[in-house]
Amino acid sequence: MKLKSIGRFELAALVALSDDTGAWMVVGADEPRAEGEELAREIAAVLNTNVEVIVIDEPTQLGTLSQATRDRSIVFVAVDSAHQLPLDAQRSLLTREHSATLVVPSATLNGLATRSPHFTSWIGSEVHVVAEDRFLDQESRNSRLAALRTKYGMSDHELIASTTAGRAPEDPEIAEWLVLIERGDLLQKSAR
Amino acid sequence: MIPLAARIAATSVAIDARSAGDYLQREIRPRLLKAIHEERLDAGLHEISRSVRVTRSERVTDAFDLVGGRRNFDRDPALADLRTPDGGWITFSAVLRPNGDTLEILAYTFERVFRSDAQPRFVRFDYNVPDHDNDKRGLRSHVHPGNDDMQLPSPILAPHELIELLLGEMGPAADRAPRTKGR
Amino acid sequence: MQTLDPSGDPGQAYMLGWCVDRLPHLRVVATVIRRLELEPWSVHLLVGGIGSGKTTELWGIQQHLKTAVHEVGAICEYVDVGSRQRLDHVRPGVLVALAGKRLAELEAARRGARPATKEVKDANYILHALADGYVAESWESQEYEETVVPGVVEPPVVATGPLTELVPSLAVLKRAVAPGADGHCVFLFDSLDRMPPDEFENAIAHDVRALRSAGIGAVIVGPMRFRYGAAHAIADLFEQNVHSLADVELNPMGLTFLTQVLRRRAPIELLDDGGAHAVALGSGGVMRDLIAIAKSAAQEAYVDGSDAIHATHVARAIEQLGRVRAVGLDGEQVAALRKVRETGTMVIRGERELVLLETRRVLDFGNGRFAVHPALAPLLDVMTAAA
């Protein structure tokens, strides 16, 4: 059974929404450290504040680390020993004034509800996997291209030819079209 | 270049961002989120996540594209993604190029559509690709005041500024009644 | 979002009036209070599923005892052991130490500016030494040695034997604080359900006896599996005062109760009655899951750009909770869950069934009626044996 993935921006916005309740979110990632850095940047952009990333080297330090940072939004990253995190035993120490996002290796999610049932119940449904959501996916790209081809009554090939010959229409959409078909190099002439 | 074109070109701004993705994350989406919270934008989080994105080139190409919402040339309400509470919507796309620590603005089109019975029905800010007739007339950066054939010169604005502008209050100040001169 | 926080402080929720009195036949509070009023030194074990509302019940007990027992100096103190003590390192003496420290604080407060009696001073010293450790002085072959003996309340801990020598100190403080032969002095110890069950008995048996001998009553929250044939030792220790907190059944009365709880936290403009009903059904009667689903549904509405929670949001929220519970289940567990779904019951043979209960994948409504958590049940069909 897999979790549905959620866009990184959406997750950050949800973290922000519950930030003042000090809520915990668990995020599974294939590269926890990298994902932790990305999430921290995303949450920082939405909360308009600095968000630190703290790597938990020693699992038993979880409670202490949380107490020390409870007054601000933090991203915790647990790598190798994530399955040893004393989430249930130290649960009383995990109360906070601002949100905590715990990033763990995806494989660790499998044991979460079984190994730490109290913590899992306590955080409710806040277990997620993140999907990259900044880049236009193929489908959207294709539909934009189709609309452009229809509007101008040209194929991509014709567009390239007329741009090279300096005959392409003046519209900004032409620039977008060129970028979508990866011919942004034809926009070189941008001297002011 | 004619003097007007030169003056307008001088209004261009280098955006403080290392990549279009960085710009999206730090300046674009948070502003849209704020607009949602302040009820200037009806769209949900999911809509922002889905329809406001950048294209990444597989090859090493200079430019990126920042898009907001599906292509909607016919102004069909059914295709509107980023809806506003007044029954209208916005769509946009901008072509940006990383240049060291900043992003250059190469081209854009930002359109704010209002209710079907509104006057004007829409406003669109365009920034064309260079070296065309518009450029020679000093109209490379222009605004369409509700008419696709009418173009008026406009300063070059950054995408985040255009979003603020188009989702902001464009009517009379709160304590002023709308003017009805010359009806 | 503050009102819809499953991890929120139950004490605060209680004070804010978000709690609804439980249905009469489920009220553990009444039973425990009755016993404590008759025998203030009795010790009780409270067990119940995770998120079933045990802490809320403890707060209820505290409120009742404080207002109902009018004698001077009646004490009823709530202690969250989990926030003072590592639950994977609970050793004998912890409950006595925590009770002792608190009694010392209460005694000092009651005494005010007056000096403490020698008796009280000695008792304080002994109990603090147990809790916080002390420096043991000794003369070994003419050499003065100092050894630091750590306290039981902070790790590393020292295993101590029977705590009988501490009973007089406890009794001294108790008398000072709650005078009268049957002065009410009760401690409510929370969170010990989160410690390893096989360590529970060892950790608290001596404490329980010591507290009782000192005339101090206690309600201790313990691991849920003691609901299913508590080992003889445990039953003897608590002299049959073992209380089970069940989840709320999803009959009309139960559903009304659950929707009332929701209504205290979510106005009708946000969550209409149909939505509240759907949330209640999806929770399986587990109090914390009720709040969690409501919160998740509110988030889905936000993500959607909607001002109110609609049926689709509730459905997605229930599915999300189900998926979180489903992640990591192996083929055997899925088979066992399907059996429960089919038969409406479960025979508890050992570890596998206990784990399913402890992790709230299976709910126990009493009288041999079990059910797969409603958020998880529909997902069983799409899970293959290979999971």
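The first chain written gets the first letter, and so on, giving A, B and C; residue counts start at 1 in each chain.
One rule holds for everything that comes next: a residue touches a chain if its C-beta (ideal position, glycine included) is under 8 Å from a C-beta of that chain, and two chains touch if they have at least 3 such contacts.
The structure displayed is predicted, hence computed values, not measured ones.
> Does B-C or A-B have more contacting C-beta pairs?
When the contacts at B-C and A-B are counted, A-B has more.
> Can you name the chain whose C-alpha mean lies closest to the mean of all the C-alpha atoms?
A
> Based on the averaged CA atom positions, which chain is farthest from subunit A?
C
> Measure off the straight-line distance from the CA centroid of subunit A to the CA centroid of subunit C, and report it in whole Å.
Going by mean C-alpha positions, subunit A sits 36 Å from subunit C.
> Could you put a whole-Å number on the gap between the CA centroids of subunit B and subunit C?
Those two chain centres are 56 Å apart.
> Can you work out the whole-Å distance between the CA centroids of subunit A and subunit B?
So the centre of subunit A lies 25 Å away from the centre of subunit B.
> Quick one: which residues in subunit A touch 2 or more of the other chains?
Touching at least two other chains: 10, 13-14.
> Residues of subunit C that contact two or more other chains, please.
Subunit C, residues with two or more chain partners: 302-303.
> Tell me, which residues of subunit B touch at least two other chains?
45-46
> Inside the complex, what are the residues of subunit B that reach subunit C?
36, 42-47
> Across the complex, what residues on subunit A touch subunit C?
Going by the criterion above, the answer is residues 1-4, 10, 13-14, 17-18, 20-24, 86, 88-93, 95, 109-114, 117-118, 120-125, 127.
> List the residues on subunit C that touch subunit A in their complex, please.
For this pair, the touching residues of subunit C are 1-2, 5-9, 50-51, 80, 82-83, 86-88, 191, 193-195, 286, 288-289, 291-293, 295-296, 299, 302-303, 317, 320-321, 323-329, 355, 358-361, 379, 382-383, 387.
> Can you list the residues on subunit A that touch subunit B in the complex?
Within the complex, subunit A touches subunit B at residues 7, 9-10, 13-14, 41-42, 45-46, 48, 133-137, 140-141, 143-144, 147-148, 151, 166, 168, 170-176, 178-180, 182-185, 187-192.
> Which part of subunit C faces subunit B closely enough to touch in the complex?
So the residues of subunit C in touch with subunit B come to 302-306.
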